[in-house]
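Chain nomenclature is as follows: A, B and C, assigned in order of appearance, with residue numbering initiated at 1 for each chain independently.
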Amino acid sequence: MIKRVIIVSMVAVLVLGALAGCSTSSQPTSYKVGMIAAQTGPYSALGLPALEGMQVIAEEINKAGGINGVPLELIVYDDKSSSTETVLAAKKLIEVDKVLAFGCSSATGLSHGIVPVANDMETPGIPMSGTGLINDQLGKWAFKPISSEADYIPLPLGYLKNDHGVTKLAGLMENSGYGEGGDHYLKEVAPGMGMTIVEMQYFDPTATDMTPQLTNIKNSGAEAIFIWGSGPAGALAIKQAREMGINLYIVTTPAQASPNYIEEFGDFYEAEPPAVCLDSKLTMWRQLPDTDPDKQMCQQFDELYTAKYGYSPSMWAAIGAQMVQFIADGIERANPDPSNLAEARDAVRIAFESTENLSQFMGTYTLSPTDHYGRIIPKEVLIIVKNGEKVLEKTYEQLQ
Amino acid sequence: MEISKVVEILKRQQSTKILLLLCILFFMPLLNNLYLNTIVISIGFYSIVTMGFILLMGFAGQISLGQAIFFGLGAYISGILAVKYDISPWLTLVLATVTTGCIAMLLGRAIFRLRGLIVGGITLALNLVFFNLVQSMSGITGGATGMMNIPQLPSGGFMSYSLFIYYVVWLSVILLLVFSLNLVNSRVGRALKAMNLFSGGSDVTAQVMGINIMKYKAGIFAVSAMFASLAGSIYAHYISCIEPATFGVSYSVMIAIMAILGGLSSPWGALLGAALIVGITELLREIIPLFTGGTTGAYELIAYGFILMATLRYLPSGMISVFNRLTKLGDKSSTEVISP
Amino acid sequence: MNPSALLQFLISGMNLGCIYAAIGLGLFVVYSVTRVLNLAQGEFVMLGGMLTVSLLRMGIPLLPTLLLAVVITAFVGAFLYQVIIYPARNSSGSTHVFLTAGFAFSLEGIALLVWGWGDRGLPNFLNSPNIHLWGATIFGQTPWIVVSTLIMVIGLFLFYSRTIQGKALRACADQPLGARIVGISTEKMALFSFMLAAALGAISGAVITPLTMTSYGVGLPLTVKGMLAAFIGGLNKAEGVIVGGIVLGLAEAMSAGLMPSGYYEVIALSALILVFLCRPRGLVTTQSEV
């Protein structure tokens, strides 16, 4: 009996799975935007907050009456931290859900997969990729108004050089797409700023013991360590370095500024000299001077987000949010008619390419047909930890 | 003598099923649903790789947790040849498959002096090595960021590229399926079954029968590797940008799961298992949001594990036992080699 | 080569080695009695760590927390055997392995639901301070890790050789039919082995969390490492698994320290594969069947 039930449900699964894909619906009464985010798997730490940020912005837009009076409909899929799933999800969004545009807030390597899909199926797509390595491989339909290492590395390096006279740098890089970008651009940018890289060490994203790498760095004559990672390993590295008695200057990528790790290891962040982390204006808005043009925007988002979720937004939430903002801005200017999908998508694409001075959390963007990246004003900041709290240490404006 | 017998068996039992498959596959594109197309293409890729796994495990009793290696080799070799050396994509398929076959032959010689769980362990470790190597050799492979802009397979422009790949993949599935079924029935196939430790045969039996174990084990390993490699090469030219994480241990594990759920006793199990897993994943994607509204990842994981356990519990020989019963044609050309 | 640097690499290797050995030990306990490779072993480790974090945060002192975490995880192990494996006991070995895999996936999903995706840490037990020795650093939690692993090993050894239950377990592994004839319930022994493995996993999970942090997804990668450790040393003897774990840990630490650039994982793993090929039955085991 049970066997029969199982058999029937198996067949039903196969048939339904096929039919599920067959359902088509087109509602001209909303603007459909697709989003792919990692809800499971190793990249869910980036995907889930990004999703949360997206939902806050989408809700706000709809509360204000939508885009040109048309409600925004956000369709979200889990990419399970897999590049194949990412591509599948993208195709489904384009073909079945008939979205006007879509974004992919997966990790660097995974989101690259949507670039060919966007170009093939002629739908504007936004990979959340913070690396400059693919800026010139986006083609006609992919856009990445996020960030690039070339922009934000000068901030911590400039800080080290100007404020602490550091000229010899060591890198502790994650073995991943993210770390690769860092590796490439660190080597490119550092010499131009008068710094030499005396040592490069690498660690696995799931590594738990970085003492061998840190030992090598200690013995290399470096004056500062740039820890480049996206997971707990980077935070562990700060802890282990201080526990080993290594008191070189430490600068890190934004993941290490996550409140999660500061709560666990705050003491090690504060140990002299305090670790300096890249972060975003969004998380530090309270400490921005009132003259800062972005303060109000960040405050608004923080309040909305905290009201909805009960905790403050992180940089990843900001990135998700700004993707939706960017797309909504483009749709607003394009004013497309979704009943003619191909035309609508092209109109949105053209609108994206004419984005001008769009002020968002991670930067201000002006795109063009030849520049699908377009960040003209980077908005990263540097923070340190004092008494368990994050303190703003430096902004880009202060660096100049 | 042998050949006509094989053809006869094939005609009686399998040809009906193959014809049925061909019909379904022919009519599928007429539905003009690109998403369905994509899913079926995905099933196609998995079927090919899983078929290789089933050949290896089901008939030679050798576990391989390394199919991802050869899938990856096929993808990267084909990609590198096409991108860096401008070789015609069709030619890269051939070159990659042959190269992978040779590599697998050599590896097989080294690995299959051993048997049992340790083979699984070695292939697992090899998979990890492969993943790390590909990630580290960024000059050649593009590293963790991946390799982009792999050219498409020249299709002559008669149809959309997706549709073209659909036919390429499924034509390959059918050809390889026929090949596998023939292999199962042939002298070679019977020799392999004799070696299968799981069904009671042993190396001694095989040796007494005069069969050269090493030659066959390495050989079937190479065959299963070439299956995976062919799929990988087509995959690279289809997705057009590949990255190392796709070819890690989780892919190999998924292939093993597809094989077990589909049924190890016949190459048909590969298609069933692949269809089942892909179908379930998509179904979960549709259904779960209806209950939870919001983030579904955790529920999908739980449901996936649950379905895996339930299927194994109630259908230990895999979907193929269901299939056989339903079609009532019985599969006289292959026998249960993994005893439940 | 700087001698204190070398010492640091060795310490790191021993640390990692103990972690991997402990996981491998859990695999060994189940495999030796039931011939099942329990792919959910890493999940037990994860549970041990996560439960400890949650219970400590509720204000429960350390020792009762550890006991509770171990007991709860042991019950999860019992569930795995009784509800999942036992009903399918007539199926093949590979079926059992994938049943444990399915269980591992579901456990991971449940952990994600309950605890979310963040990483959790713990302070060193009794706030043990770091030790500085000849230019190298031993983290405060390391002695706990090493000692607990030692206790597990010695405990198991004594259990297997000195107690009736332990000998019964071994009997089930070596001669299931004979064990039955003598009146030993192989099912009870199997259940016990799963619970024991779960308990061991929980202890290692709790003890490594101050050093490594834990999160819902650490289970499967740990299982893989544990499997490698078990294969290196040989799945037949507990000593083999320990040696395997230490070899794996040392290989990783030494290549991370001595090898340039990002190739260190490749080198460590390749060295292991060579071990597999040269000593396929494991470095330690002497029996003829793996």
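The definition used in the following text is that a residue touches a chain if its C-beta (ideal position, glycine included) is under 8 Å from a C-beta of that chain, and two chains touch if they have at least 3 such contacts.
Just so it is clear, the structure is predicted and the values come from calculations on it, not from any experiment.
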Fewest touching-chain hops separating chain A from chain C: 1
Of all other chains, the one whose Cα centre sits farthest from chain B: A
Intercentroid distance (Cα basis), chain B paired with chain A, Å: 35
Chain B and chain C, separation of their C-alpha mean positions in angstrom: 32
Multi-chain contact sites of chain A, meaning residues that touch two or more partners: 40-41, 44, 48, 175
Multi-chain contact sites of chain C, meaning residues that touch two or more partners: 109, 112, 261-262, 265
Residue list for chain B, restricted to those that touch at least two other chains: 132, 135-136, 297-298, 300-301
Of all residues in chain B, those that touch chain A in their complex: 31, 33-36, 38-39, 42, 132, 135-136, 138, 143-146, 148-149, 161, 239-246, 250, 275-276, 278-280, 282-283, 285-286, 295-298, 300-301, 310-311, 314-315, 319, 322, 326
Contact footprint of chain B on chain C as seen in their complex: 37, 84, 87-88, 90-92, 94-95, 98-99, 101-110, 112-113, 224, 227-228, 231, 235, 261-263, 265-266, 269-270, 272-273, 276-277, 280-281, 289-290
Interface residues, chain C side, partner chain A - complex: 2, 5, 8-9, 11-12, 15-16, 19, 109, 112, 117-121, 130, 132, 136-137, 139, 208, 211-213, 215, 217-218, 221, 253-254, 256-258, 261-262, 264-265
List of chain B residues in touch with chain C within their complex: 63, 110-111, 113-118, 121-122, 124-126, 128-129, 132-133, 135-136, 198, 249, 253, 256-257, 260, 297-309, 312-313, 316, 338-340
Contact footprint of chain B on chain A as seen in their complex: 2-3, 6-7, 10, 13-14, 16-18, 20-22, 24, 38-41, 44, 48, 51, 77-78, 80-84, 87-88, 91-92, 95-96, 108-110, 112-113, 115-116, 120, 131, 133-134, 137, 175-181
